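Take a look at the structures listed below.
Next come two complexes, and both contain subunit A; in the first it sits with subunit B, in the second with subunit C.
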Partner chain A sequence: MNDFKLYAEANDWGLLVPEISLAFGALLLLCREALRKQGRESGGGLAFLLQGGLLVYFVARYLFFDPRPDSAGESAFNGMIQQSFPADVMRCFFLGCAFLTSLFANPGLRERRLPQAEFHALVSLAAASMMLLVQSNHFLMLFVSLETVAVCFYVLVSYHRGSPYSLEAGLKYLVFGALSSAILLFGIALLYGTAASWSGGTAPSDPLSFTMLEQFVAANSDSLAVRAGTAFVLAGLAFKLGAAPFQAWVPDVYQGAPTAVTAYLAVASKSAGFVVLFNLVTGPLFGLREFLIPLLSLVAIITILFGNLGALTQTNVKRLMGFSGVAHAGYLLVGIIAAIGMHPDVPEKSVFWAIVFYLLSYSLASYGVFGVMGVLAPTEDADQPRSLYSSLAQKQPFLAFTLAVGLGSLAGIPPLAGFIGKLLLFVVAFQAELYGLLAVMVMGVVIAIYYYFAWIRETVFPPLPSLDSSDKEPQVLWSPQFPSLLLACILGLLTLTTILLGFYQSSLGQSF
Partner chain B sequence: MEASLDQFILAAAIFVPLIASGCFFLGLGSRRGLAYLAFGVPFFASFWTLFRFEGVEIAENGYRFVIEWENTGLQQLGIALRLGLNGISLPLFALAGVVGFAAGWQALHSEMVQSRACLGLLAMMQAGLMGTFASVDVFFFYFAHELALIPTFVLIGLHGGRDRRGAAIEMTIYLTLGALLSLSGLVALYVSSGLESFDLASLSEHLKTVPLSEGLQTWIFPMLLFGFGILVSLFPFHTWAPRGYQAAPTPIAMLHAGVLKKFGLYGLIQVAAPLLPAGKAEAFDVLVWLALGNVVLVGFVAMAQTELKRLIGYSSVMHMGYCFLGIAVGSTMGLSAAVLLMTAHGLSVALWFLLERYLRDRAGTSEMSRMGGFAAKTPVLACFFVAVVMAVIGLPGFANFWGEFGVFLSLANHEDMSVALVLALLGILFSTIFGLRAIAKILFGTPSEALQLRDKETPIHDLEPSERLPAILLLGALLWIGIWPRSVSDNIDQEVLRKFPDQVVTKNLESN
Partner chain C sequence: MSDLIAAILLVPLCSAALILFFFRRDADTAAKLSVGASAVAMVLALFALFQNIEIDAARISWLKLGDFELSFGFLLNGDARLLLFVVTFVGFWIHVFSLGYMRDDPGKARFFGGLSVFMFSMLGIVVADNLAMLFVFWELVGFSSYLLIAHYFHTDEARAASKKALVINRLGDIGFLLGIVLTQVRFNTLEFAELEQAALAQPELLTAGLGFLLICGFVAKSAQFPLHVWLPDAMAGPTPVSALIHAATMVAAGIYLLVRIDFLLVQEVFSLIALLGGAMALYAGFCALVQRDVKKVLAYSTLSQLGYMSATVAIGMSGLAMFHLATHAFFKALLFLGAGSVILGCHHEQDVFRMGGLRKRMPWTSWTFLLGVLAISGVTFTSGFFSKDAMLLAAYEENLPVFVMFLVGALLTALYMGRLHWLIFHGESRSKAARQASESGLTIIAPLVALALLAVLGGFVSLWPESLSSVFVQELEHVHESTGNRLVMTFGALAWILGLWGSWNLYARTRDEDPLMKKAPVFFRLCESKLFFDEVYDFCIRRPLRHVAKVFEALELLFISGLMVRGTAGIVALLGLATSAVHRGGLRVYALWFVVGLVVLLGYALAWWEF
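Here is the complex of A and B:
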């Protein structure tokens, strides 16, 4: 009870205003939805307003009030929450993702006559819990927010209730997710149990807190129980990242989920996982570096190879994005390993910024690609063969350009943002002397060129006329429609940012 | 630093085409006006720098026209936009300007003028080419190369001939692999130098006093060698080149084979060889044998070609072997001759591709057996064709002669390279055979039946004035260097002497 009293008296709620208002807004939306009169359309305007407004709030705070918080950050709720500038950046990031997801999903929801308010409320809730997740400094906090994210996603993935693909994806995600949560919880319990019942030396008073666990793990890095607990925690997280050996769900779920949710899953959920992983391996689990580096290296190699080789043979572009998402998780894992194995005289902060930049470029490109996919999606969202994109450049040059820039950035082609992201990861991997991993990464990137370019080729390069006349297949008369003006502006903005970040990184680059 | 006119012109050579390319895409300005700007300004700049080179102030590190712009957004990594020219980059910079003008002119007088996107991509390529050879910063050196490379793929895919989609993707995969390998090598060099700067001049100063350990050098040099080697079509990684050039539209083939391909050799001379001497000594044997593979094996393949455009592609791959040999020998003579040969080859291969286009316009095919008798119908075209074949064979009076002659001399001066010399001399025989055979089949004899039929429908006419201009320009440059080689080679020699003060190659072919 004493602890609870401490939390209550600390009065740190002000630090969490964005999360609280987002969650509260989501609840308000749900209440209004429950009281909605039959026949009136449900809207998610409030969610948009909140997501957008909070984003503006963060950016304004950074620009005008608190431009450079270099301090160690603020600890709140008795050490449960650790706020810092990097965490703030990630909070912004999740808000942005939520905003884009809601925006991209809206036309599809309206078309399929699915309730909108519920969707936006879930997206907001997921964003709020991811924002909490990146600030958590305590295993309890971590688990609770992770579960909230997962529960929101269980519903979101199967949101297209009429589609068997979506339902199948929802079920798969639920089963895998529940299993991974159990594994994660088991790992946490092992760590907690070992630390709390430690007889030799002083046991930490709160073994779930990252700060306290750090010293304990460093002192007992040889203990089998600690290592097993760590492995289980990492396994639970690997599910969120879509990393080996828990990557099998990714293609199916990415294919079945509504396109906007796929984007949200691919970008936001994965990023949250990586930030948490980064916090863990550079914080409480840092003492196990000798054990972690080979383990994670193996995971990264399998992940990169699985993702890229699997994507090679895909003709359904949503599955392809799923496999390529696995591959990107592998590259990011290399960054994480670099953070652990970094030379002591290089600040690990630079690795963090390399990862954040990669995530940023990945999210810009992914949202561009998924946005175009959402616009072009047929009624059955999951059924998107590559041939659907044939000669898109002749029919809709703008969409084709957006798609090509997004895919080029994902492939890591200069002068796009994705190239700079890969370059930074290369640099940190070199600094950490991970030569074998680098070789695998280069191999993966080259394989990736093939499938990304096959898609770009389908989109941009017209098939030869002579070939067309020889096979007498009836030409499918399909003309994609232009997205709404707002959506087009957002897509254009994403594309423009991807190009500009390739040329000039501004103050982002100075953080390295 | 006060910006002088010289620096302004150097910067304009890069940024005017870049801005023009943006205007093409945005639909601003007239096509012709923009094209003249995009290709005329670099053309002017190349002459300006050639004539002003002696006169301007020379910086300590051997560079002239130096511009530095620190604020790139990545300055934390030691990346800054540093432009400048030294003796080695000057001829290649001028080459890019001249060939770029010829290629741009050809594009303006072909079907490519129809599409603004094509002209925009071509202008972007021109900007990248000028930037590559004017960069003192290793990062921008690579970045500008990629800026020129990406449009190549797109233009081949969009506007190529038969087999363009396959050729585009093969070329993309090969060249991306090469580019990534060399990027990894450059990053490795950057990280292991410990200087935290991508500035080539300070890197070489630093590594002169504190050379890298031999182990590291034998590691990094092969990465650069094969990375750059793939980009220059080093045997056995050359198969993309003939296929790609055959599918490529003429301006692209001219720019890529003539200029962009020289990037790899240039990188070996400016970066890899001077900074990693021990690594180079270790890789000496491999380099020599592969280069001989280029000359001899590809020479055989070239002799077997029946299609003119493919023949040019193979002959260009073959002549790259001489450049590699010159670099491998590493004496002042060998290196200077390699640079001279790069320039000469760039001019001659661009001219040859240009003439092939003129022939194809008239004959409707590139198949040599379906031509014939052009000497009687089109005497001016025939004169140009004979001249370019003479240049390719390496007859005195043309620039190629001095380059090849220098390479042979350096081989002869090197002890124990007699085997290589004999094999390399075979190459002259090969080029004579395929060159003269092409002349015989295309220019003389009786026209093929198909050609006679075509002639009846639309009479074959000689070169128009607008077609003559780029040909005269390229041939003039070839003759200028051929008759007065010192105008270029003096500067090259000076820089090579500065870069390789006492180059001693210890290992040789017979020693193992």
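Here is the complex of A and C:
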């Protein structure tokens, strides 16, 4: 009995309640699906209830009522997991993303008669693994959770299995995901190999742990193997972020995936990548900062320019969102560079807050936009030309307003949250004296306004009457449906938050 | 108590917002909302006044950059309380008047929304506790004035006038803004209370240059020389707007600004203002003498009275100026509203030579208008008498040239106001419209009566509540103790008696044209030309600027639009095409990207190692 009590006190599983409950929730969904009677479709209600309930509970618990007292955090599972307040914020963030994804995807799944329970189970599992990913303090943990996320996404991307676009996207994501995993693993192996055979200093007993690698890398920053390993790890992560030159898959996969999955991919998966990158470059790889800054700067510049220029000529809005997602990854990379290049007097937290706020504003705006896209999507989800949105403001003012606010926030127009997000990033970049990168960011933002506003214009202003009246095309009488009340409320809430965060956000940053 | 002030500010703003968003097509609701808002603001303001409150601590930070901070706060001293009362009280009656005057106007909702915006911004100026906040509201009144002048935007006159008012006010505001920036640089604060202390502590920081920049705002807003040309044209707006904005309140905001920042101004600046004010009192009187449009006469009269006020501030008697500001608001609003009633009665006829004989047909309007004329002429025991007499006395004591200008100005005032009254209400009706005129309704008569009461009784200091009269009562007693008291009062009485008598002789039996044109043609032409200000500005400023503008236009077309905008857009578009051309969808091509990327990263790692 005494032993049992000791065991209960010593175990760390209690720290992972959110992840475990999500995983069990996913299992529950699958079990109910297996036991349901033939011919009766199971809706998404249970999934929303699960994810929504967990979201409310954990946001309340981890962020408001019982926040972690010190951001130093605590280590668990022999250093596999490192928990901290910022990590808790991200865990709640992924839970929120999962909830929104499930909610947005459900009408589309029902319409196309695709199984719903499996979808929500996969979304929940992906969220659980991303939550583990941001807490991982060990390369093994990192790789396993990363792979779990990837496997869930392989299925999710090709979930519209009747659509060739979706299948193509799934295939591409699988091929490049596997490629990048291999590269990442190779990088890890290089680091592991050199660290394990390191004879100087206090030899790390576990060469994959971040804490021990940090000492090793700092002492061996001129070793070629360390540099090559780092470069490979970064390449593997850059795939997740959609950063150049590993961004080639992004437009195709974003276009083909079901719209809600695109949103999940664009927001949650990318954010997870950024948090991992942040943890790596400020943790184990910090000793290589002189090596990393030029490298990442180059990547950021190419990413920003490539994303924005590519988006410029797109007429399919899902592809456009793909390219613009690449551009946003570039801006966030600047934040990462600021984190390592920052003057030591400036606390690391302020940079992290800038990145988190950017992710938050980006996710609010993206989910708003993708939510509207999901409502308006035709049966072939991948086929969404910009002309689909023509005169939306006359037909569905609410959807048009949500879309316009979302796009405005993505473009960084004051007084929306996206503007403040960009401003915070600009400020940290300025503090870190990254003037060249700042200039590129400004250029990117200017280009971005063009393509976002072209979309808004299509939505708000009626098309010019054709001068050539002879070949009048038969007007497609298309009247968009109003979304369900729940969906409309959530969209309204996203829009409202986007507007409010533009006016007031400073006290949120104090928590870090 | 700052909540109360905030409520006074927010009520008109809410009304404006509601009208903008919900009642643009429902004109009657909009009108009721706006009048209701002004009534609530008045009641709250009266409540605040009888509480006799002083606020200078309530302040919220709005923008903070390092040491530099912009805040919003309220400073409610005596001057502010007096103006708060004048704005809300006169504003309320003018709102009521507008109900009748704008009853059938197609743009009624827009008009009332504009009035509410104006009330909000004007009250903001009154209670602002720092220059930055004052400037924000300063621009807002300019904006609402622009909106309301252009109410009849289908006429060329209103469009041109609104543009002129906006542009000329911008000119002044540039100077004002530079002055504010300079103040911030020198004193590192914009709060009035802190500025006053700083100015006392370091008088060497006050320079004439700073003063001249700061008074630019006053010169444009109060339409003083040389930026006075916009006010007569602004009469193209609806008459209630002319009464509220361009006579009683907004143009007086310039005077109020002078009073609020008088500790920042040095002697040279005051001398200039005194001179300009006195000259304006004279010049505008001459111009008013020959105008045919009833509203233009009143506009020039406003210019002249503003001249009186600014000169009085400049000779150090700002309390008296505030006193005259209040009485002037009463009788000038009354006169404008009376003119509005006449214009309505005569079916939008504004030419005084096509009126006449309206005394019998519009008795209420006629009698109240007469009271207004008596008050502005300074007839003994009306409100205008008390305030004007005090200003004459102050000028007599402090600055003799200004006194002479004031005195001649007073004579001219009685002359042109008498002329206006005789021409409109006496003699024969000189047009069909005048013969068919009829008295206006209750919503028009009631404000006239209310304002007439104040125009007559407003001069008795004992009738004022103490929280308002404390501003001017000391200075009033001080000037009445001076030696020239009796002499000046005699001169003042002579001025109005001569003026009214002269105008009766000249104009009471007029037929169709101005008798002055025959009797003194040179003088008449000179007055009518308004000393060629518009022409001189046209020749000296507009034409040369037009040539300069053409050169800039050509440069802009070539370099900015052509090379920079189109050029960069073209290059970016090409790059965009090239970028999307790489994403053709081939799996092998994408894989090649990966490999290239890897090789580059690895190469970089190697190259770094070499160093």
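Convention: the second predicted complex is superposed on the first by the 474 of 512 C-alpha atoms of A that agree within 3 Å, B and C clash if a C-alpha of one lies under 4 Å from a C-alpha of the other, contacts with A are read in each partner's own complex, and residues count from 1 in each chain.
Just so it is clear, a contact is a pair of C-beta atoms (placed from the backbone, for glycine too) under 8 Å apart; a residue touches a chain by one contact, two chains touch by 3 or more.
Note that the structure is predicted; figures quoted are calculated from it, not measured.
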Superposition on subunit A - do subunit B and subunit C clash or fit: clash
First, second, both or neither for A:V267, with subunit B first and subunit C second: neither
A:F291 touches, of subunit B and subunit C: first, second, both or neither? second
First, second, both or neither for A:C97, with subunit B first and subunit C second: neither
Touched partner set for A:I183, first subunit B, second subunit C, both or neither: second
Which superposed partner A:Q431 touches (first subunit B, second subunit C, both, neither): first
First (subunit B), second (subunit C), both or neither touched by A:P251: second
Partner chain(s) touched by A:F461 [first = subunit B, second = subunit C, both, neither]: first
Partner chain(s) touched by A:F306 [first = subunit B, second = subunit C, both, neither]: second
Interface residues of subunit A shared between complexes with subunit B and subunit C: none
Footprint of subunit A on subunit C - complex, ascending: 572-573, 575-580, 582-583, 585, 587, 589-591, 593-594, 596-598, 600-602, 604-606, 608-609
Sites on subunit B touched by subunit A in the complex: 72-77, 142-143, 146-147, 150, 153-154, 157-158, 162, 164-165, 168-169, 172-173, 176-177, 180-181, 183-184, 187-188, 190-192
Interface residues, subunit A side, partner subunit C - complex: 171-172, 175-176, 179-180, 183, 222, 224, 227-228, 230-232, 234-235, 238, 244-246, 248-249, 251-252, 291, 294-295, 305-306, 309-314, 323, 447
Residue ranges of subunit A in contact with subunit B within the complex: 408, 413-415, 419-420, 423, 426-427, 430-431, 438, 442, 445-446, 449-450, 453-454, 457, 460-464, 504-512
